[in-house]
Amino acid sequence: MNVPLIVFFVLAAMCIIGAVSLILQRHPIHSALSLIVVMIALAGLYLLMGAEFVAAVQIIVYGGAIMVLFVFVIMLLNAGLEERTNVSKLAGIAGVPLAVALTGFLAAAVARSQDTVQAATQTGATAPTKALANLLFQDFVYPFELTSFLILVAILGAIVLAAPRGER
Amino acid sequence: MVPTHYYLILSAILFGLGVIAFVFKRNIITIFMSIELMLNAVNLAFVAFSQALNKLDGQVFVLFVIVVAAAEAAVGLGIIIMIVRNRQTLNVESVNLLKL
Amino acid sequence: MDFLTQQAAQHADILISLAKILILLFVVLTVNAYLTWFERKVVAHIQSRWGPHRVGPHGLLQPLADGLKFLFKEDPTPAGADKFVYYLAPLLALALALTSIAVIPFGPNPLHFKGHDIYLGITDLNIGVLALFAITALGVYGVALAGWSSNSKYPLLGGLRSSAQMVSYELALTMSVVGVLLMAGSFSLREIIDGQSSAHGLFGLGGIFRWNIFAGPFPQILGFLCFFVAAVAETNRVPFDLPEAESELVAGFHTEYASFKFAMFFIAEYTSMITVSCLCSILFFGGWLSPFPASWTFATYLPSVILLPFGLWVIWDGLRYETIFGKLILPVVGVVITALGAAFLLFPAVNEFIQGPFWLLSKIFFFLFVYVWMRGTLPRFRYDQLMAFGWKLLLPVSLANVVFTAAAILRWGN
Amino acid sequence: MPILNYLWIIPALPLLGSAINGLFGSKWPNKIVNSVAIGSTGLSFLAALEAVREFTHLAPENIPWVQQYFTWIIAGDFRAGFDLQIDHLTVVMLLVVTGVGWLIHIYSMGYMAHEGGYYRFFSYLNLFMFFMLILVLAANYVLLFVGWEGVGLSSYLLIGFYFLRKSAADAGKKAFIVNRIGDFGFMLGMFLLFKSFGTLDFVPLFAKAAPLPADAMGHLGMFTVACLLLFMGACGKSAQLPLYVWLPDAMEGPTPVSALIHAATMVTAGVYVVARSHILFTHAPTAMFVVAIVGCATAFFAATIGLVQTDIKRVLAYSTVSQLGYMFLACGVGAFSAGIFHLMTHAFFKALLFLAAGSVIHAMGGEQDMTRMGGLSKKIRWTYLTMLTATLAIAGFPPLAGFFSKDSILLSAYQNEHGGRILYAFGLLTALLTSFYMFRLIFLTFHGKPRYDEKKVHVHESPKSMLVPLMILAVLSLVGGWVAAPAFWGGSDYFANFLQPVFWQGGAMNAEAAEAAAHALEIPLAIVAVVSALLGLIVAWWLYLRQPGKPEQLAKSMRGLYNLLLHKYYVDEIYAALIVKPLLWISTDVLWQTVDVRAIDGTVNGVAEGALGMGDNVRHAQSGNTRSYAVWVVIGALVIIAIVFWPYFRATTVGAVR
């Protein structure tokens, strides 16, 4: 039982607990907090896998921006407890079993697909951020620019959507 | 060293939980969060593969996914605000005008 | 017993870092406490008052008294508050604030102890800066959740404001650092500092002119200004303390907090002040580098040159102090300080070792003073002004800084 | 500038005139319309003359002279260009078309003076000229077909010129539809030709065709089929059996139209096509024989009908049909030059006849029934004289044009090896009948007592603009045949010689070799023909001037035959019964009511209703509840994963933790 494995299981447990509590919590803020836990744990996992930059970005963007936005909106709309209506019979009956089945399928598929990718020799080395940057700004430069454009559009859309009626 | 398929199975489980939340929750914001959860699960798989293959592409994809998620959050929350403004509710089941 | 030693032998590094953590925690908390005293004093003098001077000589025991007060006050929880979050928020704030100190290196050279190289600073991540930003990014939650969970409208407004404010200024904060990162080509704080020791200084001069704020190819003055302003906003300090604007929101997000939970917020705020000061001095002001060129050897005696007179003055001041307690305690302190100065003077090795920490600490001290100074002088922004400033001025300027730096590096090399 | 390089000018001028008149003419006074129409046609006539002059100076190796202006259709190795060609045959047609056409334009100026839609008439007329010239000048079958259809169109427009009159409109439709049947054959013929020769340009096509062996008699080779198909088109256009029915009705149009289109030019297009593709026909003796028989039959058949008609224009119409039959007879027996010769002369005298008839009608104030005329010779002398000339010409009295052309046709028919005698006999009989009904027409119209109300109708001679063309045409039909005259006193037939370069193959049997043999027969056959013509004249005189009562008695005595002839052998009725009615029944009851309404619409509506029903059932899935949709999404994802990763699941169990 080596240290990384222990760390992995701890973080994995955090993830799963967080996700479950995201489902079980009735108040959106609590759900949001659970999700933040999941994300931080994931960042830990990335670190464990030596993806430092991704881990940092995960926390900065997801934890520090996106989830803050969620919390902000929840506070802004003063969302109360979620009322457990059951209008949708389909979701009530078939939803959870189907989702479980999907999970099983996915787990099987993904795990099996790991055999098809011949696992390269594991150098425990951490991914140099420079290499990542080179990849991002050379091979993936067009997608990169596209995403920047996407972000711009999204900002405009958000402004248009959320601006009070008078200012639109 | 942690075997790669541990990560993969974890990501699958997280994704499944995200799906369950997606189906199970009624609060629009929470449903939205569950989508984010699914995205995260996918990211985990990406990073796991990138580690398994010693290729950084996976991590680049993760970055893109994060960017897209940010954009999605911006627009989606704007939409949610609109919905609440117009219908004074966050419960998806009471936002069901889209039917015959 | 020997089992313990055996274990200790095996996991020496773990033990060492544990020890480091404890020490740093103690130091930081103490500094926090005396930072409050310092702040009150400075502000008081700015406002031509005396400030605290009843508890202990020059009110030096005031922090202690405050701590006791915090501990023994009643701690009411507002009705209908969300208990979990209500308790979580201050913990989160404090924990994150303290964590962020962990990545900061305080000195260049390791301390040799039983064959272990003990660096000053708990850890040295090679994504140090990013880690810091990650932690500060999470810092929002403390405030926002506190505001929300106290189930009261002023805190809620405070929380909303702070979350909005922090998210907005975080952008500028990050962007303003990118220039430095470009010049250093690394995220590691240690490497950033070392880079500044060998950078191409302004007018080809050495010393202070090699610090990022002056150094070529593109002096980061703009970057520094943006960074400092944004950092002040991140730490919700004057003039950006909208979340706790007492004139509008009673006490903002921690209106409903009392006693130790409030203390946690308090400590968190001051800790993050320290962190920011560290960052400023490390990123832009050469960290532990001396402002003088290496050729000026006499500069190495500066610590003792400062400490000795100061210690002597303290002794003299203590001898002529009114209260008995003062007459007893102050000279002792003075002696200690003098002894330190003398030690530096007598043992070159020690002197050589403390050069780095000395400079770094003095810079940090300077920035803390600036914090207090600003609080003493500047009025608070209006909310819309805050937002407009952040988005319409700070962000564009920092972006421009990034662009120019990149261009300059492309043009004149690194 | 040599106009040969600018052949397109010749057809372009009438088109221009037509466009101008059609677009702006409605506002203009008749004078301007005249000047435009007649000017354009006159100019194109002059251009044609100039072209012919230059043509005569062309070196023989440059003939036929082909000009490619632009490529119209190009698909794969098929090319149809706007190519014009001119050779001897074209020259003849060109002169006839432009010349006669121009005269008729001038004539119509007077004739149509009081009609409405003056500009429309001339616009159509010019349009017709344009298409006719295209037809004549075309250097490939496709462009020829364009002209072919174009003249059909303008003929339709002009027949239906008085479109307010239902009979006129119907006649127009009839002409158009009957022609379609022919065109169907024509197009099939073109396709077949392209399939077998890979081109539709005359020169290369004929060059390829010439060396090939001819089909055996009575054997349906490619040539035979193609020729028969082409001939089918020719039948439609030139009103041969069994497609002649539209021509008599076409007389609903204004008389100049009848003169120009339905006598002189358009109806001869069929003959022209046959002559143009004579090389193909000479390779298909069967087709030739069929052509001959059809021509002969038509000639006789139409002549018999012509005997009893009382409408002056109808008589002429049937005589046209029968004369066209003559031409086809000529082509059928291989005497293409004779056919073209008769085409030319016929253009002269038949145009003259129609115009004169028009003048008569004009004089009678629109009366067309010969039984209400009589004794007009004094009143309208010029018309009478010219018409008499034409009648003599068509009846075949020497030395008028008709004599020579008809004579050479009969001669070559007589010489034909396949049943030449019979063909000759029928031809002769037809000649007799022709002279009979023509003189019947003359006597009924111009001699005897007036049978019309003198007070109501005051007969008056036509204006100069009508008489001048009459006279010119009279002169032409007088002297038009003399180019062939020398054949009689051992000289050579200039006309035949002129066309020699074109028909050197097809016309083999009346080339010099046959010429000698012909001389022996020439004189006796001519005498026989003249005698038969005289006979017809005498009988007509006897019946309609000596004993005017006789015809009725005859009609009574053999009423069956009389009615049969009077009702044109009930052909129209038979067609109506055999073709039109079934067709109507099929198209209304079967195609429309059953196929379209039941089958097609039924299918379409059925599909629509099915979709509607399905949607009505499926729409309940559209609950509008996002969570249900989410479940659907999940199901979809499950299915996709199951499909994509099926092999994995088969491979081993889930998890694969090792």
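As written, the chains take the letters A, B, C and D, and residue 1 is the first residue of each chain.
Here is the rule we go by: a residue touches a chain if its C-beta (ideal position, glycine included) is under 8 Å from a C-beta of that chain, and two chains touch if they have at least 3 such contacts.
Keep in mind that what you see is a predicted model, and the values were worked out from it rather than measured.
S.K.: By label order, what chains touch subunit A and subunit C together?
M.R.: none
S.K.: State which chain is most central when centres are taken as means of Cα atoms.
M.R.: B
S.K.: If you average the CA atoms of subunit B and of subunit C, how far apart do the two points sit, in angstrom?
M.R.: Those two chain centres are 37 Å apart.
S.K.: Just curious, how far off is subunit B from subunit A if you go by their C-alpha centres, in Å?
M.R.: Chain centroid spacing, subunit A to subunit B, equals 6 Å.
S.K.: If you average the CA atoms of subunit A and of subunit D, how many Å lie between those two points?
M.R.: 85
S.K.: Where the centres are mean C-alpha positions, what is the separation of subunit C from subunit D, in Å?
M.R.: 109
S.K.: Where in subunit C do residues touch two or more other chains at once?
M.R.: Expected reply: no residues.
S.K.: Among the residues of subunit D, pick out those that touch two or more other chains and give their numbers.
M.R.: 623, 625, 627, 630-631, 634, 637, 655-657
S.K.: For subunit B, what residues touch not just one other chain but two or more?
M.R.: Where subunit B meets two or more other chains at a single residue, that happens at 5, 9, 19, 22-23, 26, 93, 96.
S.K.: Work through the pairs of chains, note which ones touch, and then classify the graph as line, ring, star, complete or other.
M.R.: other
S.K.: Could you please write down every pair of chains that are in touch?
M.R.: All chain pairs meeting the touch criterion are A-B, A-C, A-D, B-D.
S.K.: For the complex, which residues does subunit B have touching subunit D?
M.R.: Spelled out, the residues of subunit B in touch with subunit D are 3, 5, 9, 19, 22-23, 26, 31, 92-93, 95-100.
S.K.: Where on subunit A is subunit D touching in the complex?
M.R.: Going through subunit A, the ones touching subunit D are 87-88, 90-91, 94-95, 98-99, 101-102, 104-109, 111-115.
S.K.: Help me check something: in the complex, which residues belonging to subunit D touch subunit A?
M.R.: 623, 625, 627-628, 630-631, 634-635, 637-638, 641-642, 644-645, 648-649, 651-657
S.K.: Inside the complex, what are the residues of subunit D that reach subunit B?
M.R.: 619, 622-627, 630-631, 634, 637, 655-658
S.K.: Using the touch definition from the top, list the residues of subunit B that touch subunit A in their complex.
M.R.: Listed in rising order, the residues of subunit B that touch subunit A are 1-2, 4-27, 29-30, 32-34, 36-37, 40, 43-45, 47-57, 59-60, 62-64, 66-75, 77-82, 84, 90-91, 93-94, 96.
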